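Okay, got some structures for you below.
Both complexes below contain chain A, partnered by chain B and then by chain C.
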Partner chain A sequence: MPALSTAAPRRAFTMIELLIAVSIGTLLMVVAFAGLRAASSAFATGQRLSTENALMRAGFIAGLDELDFWKGCDDPADGRVALRQVDDSRAAQDHPLKDGLGQPFTPMAEVWDDSTELPGRWEGDAQRWSAHADNQAARWRGNFAECMDTDCRFGRYGVFFNQRATLDIPAYARDNVALPAYGAAIAPRETWWCGQYRGLTSVLGYYGLIDYLPANAIHASYSRFYPEGPPAGDWGQYVNAGGIPVEWLTGPWKVHSWADSNRTPMTRYRATLGYAYGLMAGPDAPADAAALAARHREQTTILHYGTNGDIVRGFIARVGLQDRLTPLRPSHWPEVRTSVLRYFSLGKFFNLCIVRLADPVSGNQTQFSFNGFGTTLRGARQQRDLDSYAP
Partner chain B sequence: MALVAIAVVTVLVLFPAGIKAQQHARFRVLASAKMLELVDMFNTANDGNPSMDHEGMEPWDVPMAYRSRAFDLESLVPSHRSGVAPLPLAIARRFDSDGDEIATLLDEGAHLYYTLPHMTGNFDERALPNAPSSEQQRLVFAVTGYAQENGLYSLPWKSWPYYSPYPSPPYHAHHEGDWLPAAPAASTKFGVPENSAIELYLWEATQDPDVQIVMQWPAAPDRDISRNYGYLPYAYPSAAPLAYALYPTDAKLQRYAPTREGAIRYVQAALLYCRKKGLDASFYQPGGILTPSGDAAVAAVQVRALRFMAHAATCLTRWYDKAALDAGVDIPSVTIGADVTPAARYTHDVIVALHDNALRLCDHYCASFPYDWGGPRPIERAIMMDHPLIQWDVFSTPIPGTVFGDGRVASQWKPISGSPVTNIGRSISFPGKPLETIWGDGDNRHFSLAAPFAAEERCRQVVFWAVDWQGYEDFETAASAPIDASRYLKGAPERNADLGWMMTNHDWVDGEIWNYRNPEKAILFFDQDVPSLPTGADVAPWTLGLSGYEQDRGRGDVANRDSPPWIFSGLHGADRNFNQRLDRGPLPASSRMRASTIARFNYYDGRVHQCLR
Partner chain C sequence: MRPDRRRGTVLIAIAGICALMASLGAAFLLRMRSDAEATAEVVRETQARVMLVAGCNYVLESSRLGWDTTLGANGAHREGFGWIDVRNGQPGPRDQANNTVWSDASRFPAIGGRAARCPMQVRQRPPFAVELTAAYNPIAGPESADFGLPLMTRPDPRPVKRTPTETWDSWRQGDPMPRPTSTGMSWFRCYRDSAAVFVITCGAGGTLGFADWDEVVAENAEAQFGDQASFAAILADERRLWYRIEWSAAVAAPDFHLTDNEFGAPYGDTPKDRYGWSWGGNGNTPAKVIDNYVMHPRNSSKASHGRSSRCQIHINNPVGSVRWVQRLETAPAAW
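Moving on, here comes the complex of A and B:
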């Protein structure tokens, strides 16, 4: 019978050791889990920030891209040609331009040719617009003191400076003023500047007019005066007795004046003192060419002088070209939108870009805005070859 | 275990660093956008500030020569219309930055700037919605590198260039009689019918007394209108005292309607002026294009004579039709005073030629002689050469004097121009003051605007930092940064006026004063009790830009904390995030913050005012 032996004591964890080991293990797991959670959260935050930053950069770049290339306003490859429309409702009125009123991207030749009594085509040659003293064709030659209700006591400046190649100046009697006729078949001394001015207005609207003209231009031209108002067959322009179309004296260019009869030609700064002329590319732009053409010839008060929130916000909406940059994004991604507002006010071209970021997860919205340099309207049109005429 | 520990520590360290890197990346985007706007506003905003007095008797009378008009980014851009304002100094002093750059800049007198909460779009702030949150406001920035001495935007004695239509009658202007030369001729001041309080003054006669003939002869009007010659009795032929009608078609003023005979007498006066200047028929009855003179003094006289002559002769087209003019309208010789006018014959073609030559010779003169001020520049053709190069001669002995209406001692350097200014004449505001002696000592080496320069001399830098300054408890109640006093739009001297009058009786047309008032003007609090309101209180009723009034204008009682000096200086704080609530951050004012450098942008620092496009 084998002798009973005392077995060597078995090595094993005590309960305390086990508890300690389990505790440490648990602690490690908790720490690791917390670390993983933190890492995961930090990663997610970093990822989200990264995504948002990428979207903000995209919005920023989209704004700069639009400032340079104007594709949001006009892109035939994408079917975006609303600003090329022509309002031909005036064609029946024997409009001196070829065919009615255009928009900022209407090809010059589509509205303006030299087959009518308005002399010349658009001429963008820098030499033609040079301010050299010998280049008198490009000089404004009207009467700067000509007010709306003139009695022509300082003479007939329309004979120096007119958009008509030939001119009749008939007699006129109204409102205590009696003016004798000056004559018929008069050939005004210079017609080039007035022709260019009238043509630009008709093709491009007022924002385009300011963009195309030299910064020192005076905003008024001369035309034929009809004492009883314009006949139906002649363009519909009302002109004061001195020969200035009243749209430059009492129409949208009117200055804020305490004396109606004191309205005179003005510089672009004075014409936009508190007012703005915009490039109407907003999402609610009317499809109707006539309504859109009218928008491009309207003035909005955006600073003092009786403006209010509705007017300003309405203007921002009409001018703001909006672009949703991520229409197909995952639903939990932030949405980024870029708005570009182009308008002219107080003697300055504003190219205002607004980038908005909306987070569908947190509900947060943020935005930043900036004004930037960009291609001029004329530059954009030249890039699209809209100013040339077919040979 | 060690591996786990290392992994956890690594995660805890690296991921926040990654988040910080992303935040920096975002701020760099925002800084880039802001820098584009700064450069745009600096170079393309119209900075004419026309609604202000531009001329004084002494250079310190008007702000033209002060810091607020310097062509430097930090002078022109911080404005409620340009989207930038200085951060309150009390807050800016709490920032630590790399190399203590912020503290150093502040010690040198610079400001730290932040982005105003509105869009920079020239919109009336009352019409804008509350601003959504923008991290752009967490960016602060400053301009480093020293500004250079700039060209003068305008000479504070005489705001050249003066502009006039061409052709036009003698240059006259609204003037209430202050500071006119001693014993002016009777007709150099004249009133408006039934409103003699409006007085007009024949400024151009200070340059050439013969201009009086073209304006009104005899200078003391004859009660018989048929014995008066010149522009005034033709255009506004009232009974004495001679008058000036603003409403030519107003029925009650038609008794002052001009006549054909008056037009002829106006032409005769202009003809006499030509004769007195030695100009023959080739000038006053030109048959073709005249040759511009190469002599500035001669050219100035020719241009002035043609300006009058073309204006007078064109008036004939109101009274004669083309057929009559083609046949020729004879202007008989008459005796005006001791002089005999030349006889002349005007046709349609001669009038057109007069008009042509008046414009052409004027354009040549103005482009060729920027330093001859013998004639106003044509308003229809403003060009770069209308603005001669003038700067302060900082090596000159300063001009001593006193502040008008206050008596405090003042001084200013003398101006120096690229070439000597000839025919400087008198200013239209203070024609009694001779201007020939205002210039420096004549050492042209002191004129540096046209000197060669190295590229780095014109290079300055904008530095952006990110710092959550809106976390401070006083970020809306802290006072505005100190403001240069020249940002207060004070009027020019008026007779019998004291400083208080000049500080209060001067219109502030907000849309025409870009560079004046507190840059935080649109969001300033104008009530001393606002800083003690509870957090979250509605502050819209006490926000200056929302009120539509000018609580910051006027001298006021300094002891009254609601008086204009307190409000102009922004001592009650501002709604700096424009949520129209009073906000307080969680951090006490005693704590400091670390401002992280985000970006640096170099830009070209020009020395002469310019506006692109």
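Moving on, here comes the complex of A and C:
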């Protein structure tokens, strides 16, 4: 019988071995869990960053899309037609277009369609606007040096270049020119340019006027003279001694810069040196047609002395179209907004796109902006067939 | 056997965690890859829109320039006078002798002719290339005897001269070979719809601006794509945008200060207008009641007190302007 001592010794861990093994195992588990936790956290962060990036991309593309299609400003399919309203509150006055004043997306035919005061319609043909030798009508023929309170020492340009096909010249005007043989009633030689200018102003407002006119257009035209001054309330047709409506030269609606106080006809650069004309599509744009029409015909001082932060902020709130891309997002998702500001200043069109992203979890806000190039107002109106007249 | 099982448990747990980490890593990589693909689409969109600017510049410049084949009498360059000729209103461009700059009515720039196709790779060296040196004549520092002296001792700018044997003609022509990293990225096409209206097609992708395989075949360019299937694959990955634009001969007016009505009588002597109002003038500054023409020099930049003899940064633009731009939702009938 074999002795018990010959049996193999029982295999077991000592306490020390066990402790070491457990420690190493625990360490491994802790490291593995820490790694898992880090990986999980990195994954969650990556996921969140990825979502933010996707939203930023969506905001960027939405900005480009808005630059090209203007649907944030005008989209009848979505009920956005505020910029098509007609302000008819001035129709009773002696306004050249009896149907009132339009906004940048008002159909041309709705306001401007052969009236007594302003015969003709909008003519967009490039040939018609080409000021070559055989097309004198497309040239501006006013007096560039004629100021607000001119004494007409260079003559009365308004008798040749006027928006009216026939003109009654008051006695004081007849007496005030070197050659008083014009008579009491004349037919100005060129009316087309002044008519187009007045019509565009009445339909579109000043942002649209600048958009539609050639780049070198001079901003003034001539209208009729009032023997006894303008009719009550018709300040829009109040003219200087030469026949330029004063709305081009002074007052809140002027197409003119106060920078040098000259109050003469100007081109779009000079007229916007420090000032801006905006397209009112922002949240603070007036809803009322008359107030909106007025806003579309006023300049805002944004860079010159006389301005301040409130003025600029107010302008941005009126002009800055804002679109929330994710109104129904999960509450922990970032919110992305795209703003597009369209205005004209310093002789340039600004199409400022701003993409903002706000993270409700971290509180971080990210923003980037760019000035884009795309469809112009006239292009956007052509997309909607707003410039054509019924055959 | 129990100790073996115990060891295995730890291994299995760690292996499981590692697998979990690996799958998280894989998911992360996949997400990043899909992000990169989505970003690539945005890049293509952006690249295509950049082509709109290039297309507009092409229309502007080719209204006058680029039609020079041979020099005319007395070394005169052939020059156009606009898409609608500013002299007589005819469709152009027409040269000094009023001849159209094109002879083939089936191709651009003839109205309705086949579109100009413009792949926009970067040349190794453009024509008439000049060095990018910012300051050819830096003013010397205090260590130099010429300290502070603006000595114009070196010509500015200087041509890029690749080889000692460079000639005038080789410099004028540049090196038209495309830079490899810039090929197959973007292009535009220009179709003349009417005298001054153009369809600009903007593309980001590798089709080089060919509209379809038929056009590739018509221009004997099959070798550039291999076969129709390859072209179709490239086409499927491409972004295309269509715009209509109108050219106008109008340029920015140099009017910043053609008039100056700041001369006038001092306050008190101010002439009154017909309503009896006096405008301007406060005893120190003159009234602004008299029509005056004054031409300030184009490069004037100084404003004296009370005067506005400043001038804009004068942008000489001899090639017209783009009057309007209209994005088209789909491809037009002809482009």
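Everything that follows uses one rule, which is that the second predicted complex is superposed on the first by the 347 of 391 C-alpha atoms of A that agree within 3 Å, B and C clash if a C-alpha of one lies under 4 Å from a C-alpha of the other, contacts with A are read in each partner's own complex, and residues count from 1 in each chain.
One rule holds in what follows: a contact is a pair of C-beta atoms (placed from the backbone, for glycine too) under 8 Å apart; a residue touches a chain by one contact, two chains touch by 3 or more.
What you are looking at is a predicted structure, and each value in this text was computed from that prediction instead of being measured.
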Which of chain B and chain C A:215 touches, first, second, both or neither: both
Touched partner set for A:127, first chain B, second chain C, both or neither: second
First, second, both or neither for A:68, with chain B first and chain C second: second
First (chain B), second (chain C), both or neither touched by A:266: second
Contacts of A:143 with chain B and chain C, given as first, second, both or neither: both
Touching partner for A:28 - first (chain B), second (chain C), both, neither: both
More chain A residues in contact - chain B or chain C: B
A:302 touches, of chain B and chain C: first, second, both or neither? first
Contacts of A:42 with chain B and chain C, given as first, second, both or neither: both
Which superposed partner A:311 touches (first chain B, second chain C, both, neither): first
Shared chain A surface residues [contacts with chain B and with chain C]: 28, 32, 35-36, 39, 42-43, 46, 50, 53, 57, 60, 131-134, 143-145, 147, 149-154, 215-216, 218, 259, 261-262, 267, 269, 347, 372-373, 376
Of chain C, residues touching chain A in the complex: 3, 10, 13-14, 17-18, 20-21, 24-25, 27-28, 31-32, 35, 38-39, 42, 45-46, 49, 52-53, 84-89, 194-197, 243-244, 246-253, 255-262, 271, 273-275, 277, 279-280, 288-293, 308, 312, 321, 323-327, 329
Footprint of chain A on chain B - complex, ascending: 1, 4, 7-8, 11-12, 15-16, 18-19, 22-23, 25-26, 29-30, 32-34, 36-37, 39-41, 44-46, 48, 119-124, 126-129, 132-136, 165, 168, 234-235, 246-251, 254, 257-258, 292, 311, 314-319, 321-323, 348, 352, 355-356, 359-360, 363-364, 367-368, 379-383, 510-512, 611, 613
Residue numbers on chain A that touch chain B, as the complex places them: 28, 31-32, 34-36, 38-39, 42-43, 45-46, 49-50, 52-53, 56-57, 60, 131-134, 136, 139-145, 147, 149-157, 159-160, 175-177, 179-183, 186, 189, 215-216, 218, 259, 261-262, 267, 269, 273-274, 276, 302-304, 307-309, 311-313, 316, 341, 345-356, 364-373, 376
Of all residues in chain A, those that touch chain C in their complex: 11, 13, 25, 28-29, 32-33, 35-36, 39-40, 42-43, 46-47, 50, 53-54, 57, 60-61, 64, 68-69, 126-127, 129-135, 143-154, 172, 211, 214-218, 229, 240-241, 259-264, 266-267, 269-270, 347, 372-376, 378-380, 382-383
